[in-house]
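There are structures below to look over.
Look at the two complexes coming up: subunit A is in both, with subunit B in one and subunit C in the other.
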Partner chain A sequence: MSLTGKEIQGVILAAIALLVVGALPYYGSDYLLSLGITIAMFTVLATSWALFSGPTHYISLATAAFFGLGTYTTGLGFESLPFWSLVLMAGALGAVLAALVGLATLRLSGVYFVIFTLGLAELIRQLITWGQNMTGQKGLYVLTDFTEGNLYMMLVALASAVFLVGWLIGRSRLGFALRIIGDDETVAAHSGINTAQAKVLLFMVSGAVAAMTGAILAPRYVYIEPALAFTPLLSFQVVIMALLGGVHRLWGPIVGVIPFTLILETISANFPNQVTLFIGIVFLIIVYFIPRGFAGLIEQARSWSQSESMA
Partner chain B sequence: MDIIIIGLLLGGTYSLIAMGLNLQYGVARIMNLANGEMLVAGGFTAFWFYTAGNISPLLTIFIVAPLAFAINWLIYRIMLEPLVRRAKNRGQLEVDSILATFGMSFIAVGLMLAFFGGDYFNYSFLAVPVTLMGETYAQNRVVAFLAAVVICAILYAWITFSRPGLSLRALSVSPESARLVGINVRQRAAIAFALGGAITAVGGALISSFLTLDASAGVAFTLKALIIVIMGGVGDVRGTIIAALLLGVVETLVASLIDPGLTLAAAYALFILVLLFRPQGLFGRKPT
Partner chain C sequence: MKMNRRTALKLGAASTAALAAPSIVVASDMVKIGAVAPKTGPLAGGATVTQWPNIALWANQVNAKGGLMVDGGQKMVEVIEYDDQTNPGETIKAVQRLATQDNADFIVAPYGTGLNIAAAPLFDRYNYPHLAVSAITDQIEDLSSQFGGMFFLLGSTTAFVQGVVDVLQGMQAEGSLTGNKVAMVNVADAFGIELATAARPLFEAAGFEIVYDTSYPLGTQDLSPVMKAAKAAEPNAFVAWSYPPDTFGLTEQAIIEDLQVEAYYTAVATCFPAFGGRFGAAANGILGAGGVNPDSDKFKAYAAAHMEVTGNAPDGWASATTYASLQVLEQSIAAVGMDREAVVEHVKASTFDTVLGDMNFNANNANERFWTVGQWQNGVYQGVAETGREGAKPVMVKQGWA
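What follows is the complex of A and B.
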């Protein structure tokens, strides 16, 4: 694998950014750290969402389902198993769930997939609630000695892994196949790409990452119950942040995550009842005015300034 | 036996909602995920008229229908037509309309929360028992079912036998060819979308007479309507009705025999079976 000069430059920049971001627990305040966790969490979720939905244009609303699955993995196993193994196990479970959903829906057109994922979190929530009613159990306490700083570091490590995987996929045959599928699925099928398999594989990556995020964050909630772990709003927040940033670039979602999280924090602190309204308005702004997200705007501005300097 | 009848009664109202969505998706080609919010809005209106003026929901639907028609017509003309015009293919229109209607649904929920608050609302309309074949049922359910049957029958006849209905069917088969035979596609699509919205809102007004709703109840109905439409086959009126009755029965069976908290799981079980074995709908033909 040989890298071009521009790619080496990118790697160095990414390393510096990682150092600055990763050291936050050593210099940031508690508030900053807690904000950092939220941003890191959505960065992981939105970036892994865009890995699948960016090239294929299949809108997945299953993030909350995977996330909740991960939280429950930790919640049920943290007393008997080491934490790292639970995160891995959550990843495996997330991949299995994604494979099942993918096999049922991804052979068909995109609408079926959207509809299926729309209710998936709610479906699992109902099943767990029912199981708890049967066994007479309520919520779960997750008491660990992890500090916020530990969780933050784990999320940053996961985020780096997602960026690395995303970058590798982008260079691989699989990434190429997905871009063709996104362009025109018929063409992809005719040129010998197993479209269903490619889509399911990538959806599994995305599902595994979301489940791992949930597993890492379970200790932060301390007490988990179905309605909290499987909140459907999470899926929508991830979709909107990824689209706001732009899903056609690996770095796109993060440009959406940071401003959206900051604004949403402000709104939910001051006008808690207007959060839904705000999310709806941002959805419409994306569709009608910035369909390629902030990343698209940035690229536009860059090419415009370049053509200016050429003239 | 009484479970099946209760299920059929519920399914009758479901078929109305699903019919509304089917007009919007099958004919106007808009995957409207704000459909459930239109239903809740219809329910709110019925609730408001009943508690404020003691007006029966059966009369309110004559106010709800034209109002919802007008609102949906404007939504289509102002918000959705630009998307239809800019879409290069059907896939892009689907993605755009899904995102746009998600936005609208969030805005609708936000507005309803702001105006009515987050409380559950219900009112007691015709909550008297009625005896059918030796079993007793709530009269409001029976009345809502009968109203749904009448509306479905009128709609079915209109689509099957009238000229405008014919043009809607043509549109649902192929918008390109419909234009070639002189159908004003844009105008018809707007009418189909508006009509679909009106029917859904009427369904909401009827449902509110026996179910408790709240501002964020819409998405569950959207999901059920979507499952029914896919099960029945996009653009297929007869399939929609049968799928809706089936869902009503299965849901009631699960709720009364296993656990009332598992209604969505019941809907999903049907959905998975359809996806695996008949993705083209119960009566659909395999696409060539």
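What follows is the complex of A and C.
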């Protein structure tokens, strides 16, 4: 495949960004690194979420289910298997779970899918709790020697992989099919696109990535229990961040994740007693003033400045 | 377009610089104490009863005395509070922020087992003494060998169950418990599962027969089937490894069903003042997790101060232990100053005078003397079983619900 000049420019910019971001553990403070982990985690989750939900307009609330599945994969296996294999295994399990859910629900229209994904995290959480109750298995302790720097690097690597995959999908027949499905599913079906298959495939990518993120982050939480691993809040945070950034561009979610994390950090550092209140106000502002997300704003500003310069 | 990109870059650079810049170090006479615990989320209810009021009380008392004793002088205490939303990711971020941005001199242990353990690697990295209270586990040995500055004040899971078994055996020996049939239920969540799993073999070894054994999901509203089935099994004793909402819910059902047992035990939150307030005379004789000696002079003074400063009474268990953890910190700072590693060594090696009595730590950093079971006796929650505390009261037999 050949690249246009603009694409080469993009690749170079991405490489520089990756270098700056990836070297953070070597020049950033510990505090910056811990913020970096949060940003990297939500970048991976929101970008992979938008890979699926952006073109198809299906809102998935299953992130917490996949994430929790990943943390449990590490929690159960870290003593007997090498860590990298657990991350891969989590990815495979996430993809299988996504395929099952996708096959069951993606043939139906959007609203059934939303409800099912919302219930999925709770379903898995209850299954694990039931298993614990049957076996007397307690919360899992993941005691490893990984530093925050290690985990951060793994997340950055995963994020790069997600961007690469997203970019490749965008250029592929699959990406084209998904855009058509997003615009009009009936038309897509009549054009001979296997809509269910396309949606399931992309949902599997999204699920696998979220599970791998959970697997990587399990050592950071040290103690894994269902209520913490499957917290529903995570699913909503990912959706909100992705929408804030804008889901119609691959780089959209990241411009939502970074300001959102910094705002959240500022709020929780300065108003510890009113965190929820301030987050609510921020949401209102976002919904009223930037409904198309930051990516939409940036594009608007671009076209505005271009028309200015032409005039 | 140029304008935009440049502005964006500037903004980005400015915010990065603001975050990266080390906080300006002011030579201060204040000792900064960080505190991270839930103010929102599932554990907020418990933290509001047990954790936050004791931090406020302690800081208030220290400052009223003129400050902490440090190297012969006195320094006032400043508490920096963060809400972790009952989310381990937030706990980690907040502890990191306290350690590196706020330059907290010491940090109060978080609230809850999972959140304490999530924070343990950071406490360890920055050498903060980690005096964990609300973190009951059977992994004390593993955790304290991995995190040398982590201490455990409230006891272990097995010790808690053993306390209940001992109380029931004692009642048998006295003749107030006339059979060996136990109905046991547990909430299907971490701590409930852990306690029930530890309890089965211990009950069996002590010669008890578990005639009813079931679990219910966390957040169950309707506990009536559970209580009906427990009653139908005709037990002599009823034991519930329960959490705050179901501790209240089960007891309500026991009253409705008029459960006739000689011993009735519910676990977490039985010791809350609100429990006694809710059930009044019906609470009489109910056994619960943890205890205190409300008749000791130290506890009386503490409870009076708690009431005066926070407007509420302390609970009958972890409140006083949380306060004791801060006393341990205060006395260690007075002894060795602000060097955190020295404080950790001092905590390991010394005996402290706390609201619970003398406190020291074994080779695994665990406090071995704690209360395991308490009981509502005529409107007061009394400690009835302990592992080395003074003032345990004799156990009453449960007589009806009026």
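Just a few scattered comments:
The rule we apply is simple: the second predicted complex is superposed on the first by the 289 of 311 C-alpha atoms of A that agree within 3 Å, B and C clash if a C-alpha of one lies under 4 Å from a C-alpha of the other, contacts with A are read in each partner's own complex, and residues count from 1 in each chain.
Everything below uses one rule, namely that contacts are C-beta pairs under 8 Å (C-beta built on N, C-alpha and C of every residue); 3 or more make two chains touch, one makes a residue touch a chain.
Quantities reported herein were computed from a predicted structural model and do not represent experimental measurements.
When both complexes are overlaid on chain A, the residue A:220 reaches subunit C alone and has no touch with subunit B. In the superposed pair of complexes, A:57 makes contact with subunit B only, with no contact to subunit C.
Of the two partner chains, subunit C is the only one that A:139 touches; subunit B does not reach it.
In the superposed model, A:81 lies in contact with neither subunit B nor subunit C. In the superposed pair of complexes, A:286 makes contact with subunit B only, with no contact to subunit C.
Of the two partner chains, subunit C is the only one that A:29 touches; subunit B does not reach it. Applying the stated contact rule after C-alpha superposition, one finds that A:20 touches neither subunit B nor subunit C. When the two complexes are overlaid on their common chain A, residue A:104 makes contact with subunit B while staying clear of subunit C. Using the contact criterion defined above for the overlaid structures, shared-chain residue A:236 touches subunit B, although it does not reach subunit C. With the contact threshold set out at the top, residues 126, 129-130, 133, 273, 275-276 of subunit A are in contact with subunit B in one structure and with subunit C in the other. Chain contact summary for the complex, subunit A toward subunit B: residues 57, 59, 104-105, 108-112, 114-116, 118-119, 122-123, 126-127, 129-130, 133, 232, 236, 243, 273-284, 286-288, 291. By the touch rule above, subunit A contacts subunit C in their complex via residues 28-32, 34-35, 38, 126, 129-130, 132-133, 136-139, 141, 143, 220-223, 225-228, 231, 233, 262, 265, 268-269, 272-273, 275-276, 298, 301-302, 305-306, 309. Residues 1-4, 15-16, 19-20, 22, 39-40, 42, 81-83, 85, 87-90, 92-94, 96-97, 99-101, 113-114, 117-118, 120-121, 138-139, 142-143, 146, 186, 188-190, 193-194, 196-197, 215, 217-218 of subunit C are the ones touching subunit A in the complex.
The touching residues of subunit B, when paired with subunit A in their complex, are 31, 33, 79, 82-83, 91-92, 94-96, 98-100, 102-111, 113-114, 216, 219-220, 222-223, 226-227, 230, 259, 261-265, 267-268, 271-272, 275-276, 279.
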